[in-house]
């Protein structure tokens, strides 16, 4: 499993909410992608994850 | 100033012609002051990965009064059309806004955009319902192609991003402006308000500034200076400049000067 | 805009840094509108012989609200120091004002001032109690000599009078500004507000404009545009511009970009 | 006598006021020079003129 | 002049860095004189339809000593990649030469090339074994793509074709030159030899000129002038220019000046 | 190159239009090589006090083939007319040459000449039989006064001495050239051959270069480069440049292009 | 049949050489295309032409 | 006595040639001024010097 470009240990039964909890990420003002599915922070589903998932967790910062 | 002189992008109407970036500011307080002083209505932001396991902190969006500004997320840092499209989708998910400042920049030294990748990404994003503002070199043929692809504006560069070298591409900018069907927003490289005024005087519809404000000794004062420069350039464009002359032409009447009967030879 | 940022000339304090000429306007109504829109506080006028036996007519002074403007009579048309001194005396008699914009111009094609004659006339007029604002080429050594002679400002040209060619003498202007002891007012040749902003950004204290306003398609709009350009340039000078870079510098952080695992080769 | 750069017929006993009258010049908002003497319109003296006087009568107009 | 300093394009070695076009000359005699005086080794030509039923006449090829020049047929007038590829094939058939100056120009007013169409046509022509010299805007990313596609050079414009406005794209040209893997030939818009010298001084490998020579009062003299300008610019590039200074630096030693004991105050 | 195209100064005829200074060279060997490569015929030198009690050493004059060059001693370092006149007399005694490059420079930071002091010294030196070549700012009125005073040339600056910033005073140089009655020699600030070519193309009669050659990585190569640049600019001036156009103008005929029946929409 | 962008009367049995003759085009220093076949002047075949052929006959001229 | 801007000890009977000798200056390729008199190296007179003389001894060097 890959999270934000880094390999991440996968375990059987891991869900997206559980992953965010263990990564200590609060869903406000972030967005999440699992493969080609894109979720606003407020509507992140608690979907089960799979070993080959590519997950992206992003936020807005200052930029030009 | 000219209430009737408005700028329309993606169906939205703006009275300010100065877009501001939010990068490089020392702190949110200075940034807010600069946004305020600039009178801007369109503000660019970037998308970055959350630092995992890092302690939470106040975010940019908490620092912005979102009711006052149209957010314009960018795809800065993306090297390919594919990366840019994905970042645009992440931006939409993160902000709820479907505007995107499209940057496809393979070159790290000059940060110059890829014309082919930019066009391909623009076509894809327009199809997905984004309001697309692509960053490009001042290429009039590419600009027309981006128009046909449904882009909301075209954003040609004045000089390399963050260089503050000013409007060095005026010779090509005039070809982009000539017959443009969407607003032309001069982006990147402007260093002082006279650079912005030049762009507006030439017929550009707006400018985007970030480094010139954020790196000024007094960012708030410089933000106000750019606001004035943009207004000056636009007002001059609307007022119609005088025709240039090759030689001199006196401002005072030539006749009736109280000459002395026999002037000495000058000097 | 910056109430505390004032310009002092000849002991008088001004808040506007834009001087306006009154030549070449199609009528007094347009001229008054332009003066109003420009926010100017210093207005130049010329001295000419009365047409003998001509019917009387309303004069310029009747058209100006003299309580609002510092009159600045010029010696335009004078070819020698002697003619200029005599016209300055006539101007003082006609207006009761002892300010004079000193022009000693032997050359009818380029309307360029005579440095030696200008210095000689300035010395004479200062001795007679005039507040002298000499029109000169951007010559730093001459500028220092005029300072020592007691001139209230030095007024170097941007390009030939009435040409609208803009600030083409920046390389020499910076030497005039460097260490100047009196206000430097860039006069002649400015065509658009960005020209004026450039002069102020470089450190000039004020500019004088006439043809660029009077010959604009909309003189009143252009007067306002120049007012904004001058304010923009001054605000930028006070705010301290960013340092120029040779290369690009990203406005958005380089780290944390949501890259794709294996980016295609761009383009 | 020269007035505004032009020769002008001189006659015995001519004064400055008389000259202005015959030239149809009202003294408001003009200035007059007789040789090296300069007079505001409001304070033009009725001085006698002489044949070799060089006289200048000027007003303010628009200029840059 | 520098026998060891050669330019290699498509495997061929040249000592001249000045390419000359053959358009717009009043007659073949003047054209031949200009080619001679320029010392050029690469000459562009165009392909046009034979006027049907028109009487035969001496052709350009009869007027050229083909043993001395590398012919470079262009695709001028083609609006699309398809037209350009077809004209390149016709040119090869007509000349036996497989070099082509690729022009894909949809825009009649500014004659600016289409980056996407140019790249597509270049890929096709390289595959067909042509030596491809594409005419482009000064776009560094596109230039790298054309390199990867196998083009023999990249030919960025200085200003619009035939305008004689000179090197107005220097800000972007330097990004094209930076790290280029094939010779960069500045094409279009050069008006005087100093324009050509500037391009070579900046690091360009060669220039192409046509209108500036053909429309000079004395085309043969101007051809020689450009030859000298190109040599001057190349020699300066090889010799390494001095570093610019912001201030002055005396050329004569500061010490030991025979000063007077007590100098008067200057002026 | 143009044997018939000669430059006459002070009654002497020259075929080279490049004057070279002898300051700042690392050694006499390099200096001689540069003089040789430049083809110059006029060489400037300075006057300095002998170091008392210092061991004798080979002097500059021993290093120069005086039969080939017109020596042009300067008054560099003089702050006033009086100092300059005295140094000119010392120079004449030391060299037997009555030419002098007149420099009256009170300002140490920008090394700008004093117009009034320069004119006064010029009048004195002409009266004493000197051939006077005054260094001045590009002031057309002063230039005419120096002509009337009997100067052999006028030498306006391109940018500050030794700065290598190039021809930044073109706007004023054109006024000096317009109607000049003596040769105009552009002196100071030229950095690369294209700068020199620009001056000659504009109508200047010659240029003087020192730092740009002495501080080049390869002074001999740069000397040759300047020689070529000066020849290029002069040849272009004589050949008559094309008229500039605002828009593009095709170099190949518009008619007869082998178009495809139905071109696709470009891009 | 189309020749150099213009419609051209086709007749049964017309060949390329015959066409060039009737158009008064000498094959030196020209090139000919019939559809996607390109021929140098010196090697133009005497191929039969068909009604829908698109024919291009070009030469080299001065250009930049 | 002043020589090249520096005070120089004067002694009774000192001449210009003597001064140059004691300063170790060979007259080739120099020029000398005594007050307003200017002498090429080859024609320097052996004139007596006086206490208030201002003397300049110069040579040619590289300059622009």
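In order of appearance the chains are A, B, C, D, E, F, G and H, and numbering begins at 1 in each one.
In this section, a contact is a pair of C-beta atoms (placed from the backbone, for glycine too) under 8 Å apart; a residue touches a chain by one contact, two chains touch by 3 or more.
Small disclaimer: the values here were computed from a predicted structure and weren't measured.
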| query | To reach chain H from chain G by way of touching chains, what is the minimum number of steps? | reply | 2
| query | E-H or A-B: which has the larger count of contacting C-beta pairs? | reply | A-B
| field | Intercentroid distance (Cα basis), chain G paired with chain A, Å | value | 66
| Taking each chain's centre as its mean C-alpha position, how far apart are chain D and chain F in Å? | 54
| request: Averaging only over C-alpha atoms, locate the centres of chain A and chain D and give their separation in whole Å. | output: 94
| note | Multi-partner residues in chain C (2 or more other chains touched) are 21, 23-24, 44, 46-49, 74, 76, 86, 90, 106, 109-110, 112, 114, 116, 119, 141-142, 144-145, 160-162, 165, 210-211, 250-253, 256, 258-259, 266-267
| task | Would you pick out the residues of chain D that each touch at least 2 other chains? | result | 4-5, 33, 56, 58, 61-64
| message | If we count contacts the way the header does, which residues on chain D are in touch with chain B in the complex? | response | 2, 4-5, 33, 54, 56, 58, 61-64
| Quick one: in the complex, what on chain F touches chain C? | 106-107, 109-110, 112-116, 119, 137, 139-142, 144-145, 159-160, 165, 168-172, 175, 178-179
| task | Could you please specify the touching residues of chain F with respect to chain H in the complex? | result | 21-25, 31, 44-50, 52-54, 56, 59-62, 73-74, 76, 86, 89-96, 161-162, 208, 210-211
| In the complex formed with chain E, which residues of chain G make contact? | 3-6, 23-26, 29-33, 38-41, 56-64
| remark: chain C partner, complex, touching residues on chain B are 21, 23-24, 44, 46-49, 51, 74, 76-80, 82-83, 86-87, 90, 104, 106, 109-112, 114, 116-117, 160-165, 191-195, 197-198, 201, 210-212, 214-222, 224-229, 231-233, 235-236, 238-260, 263-264, 266-267
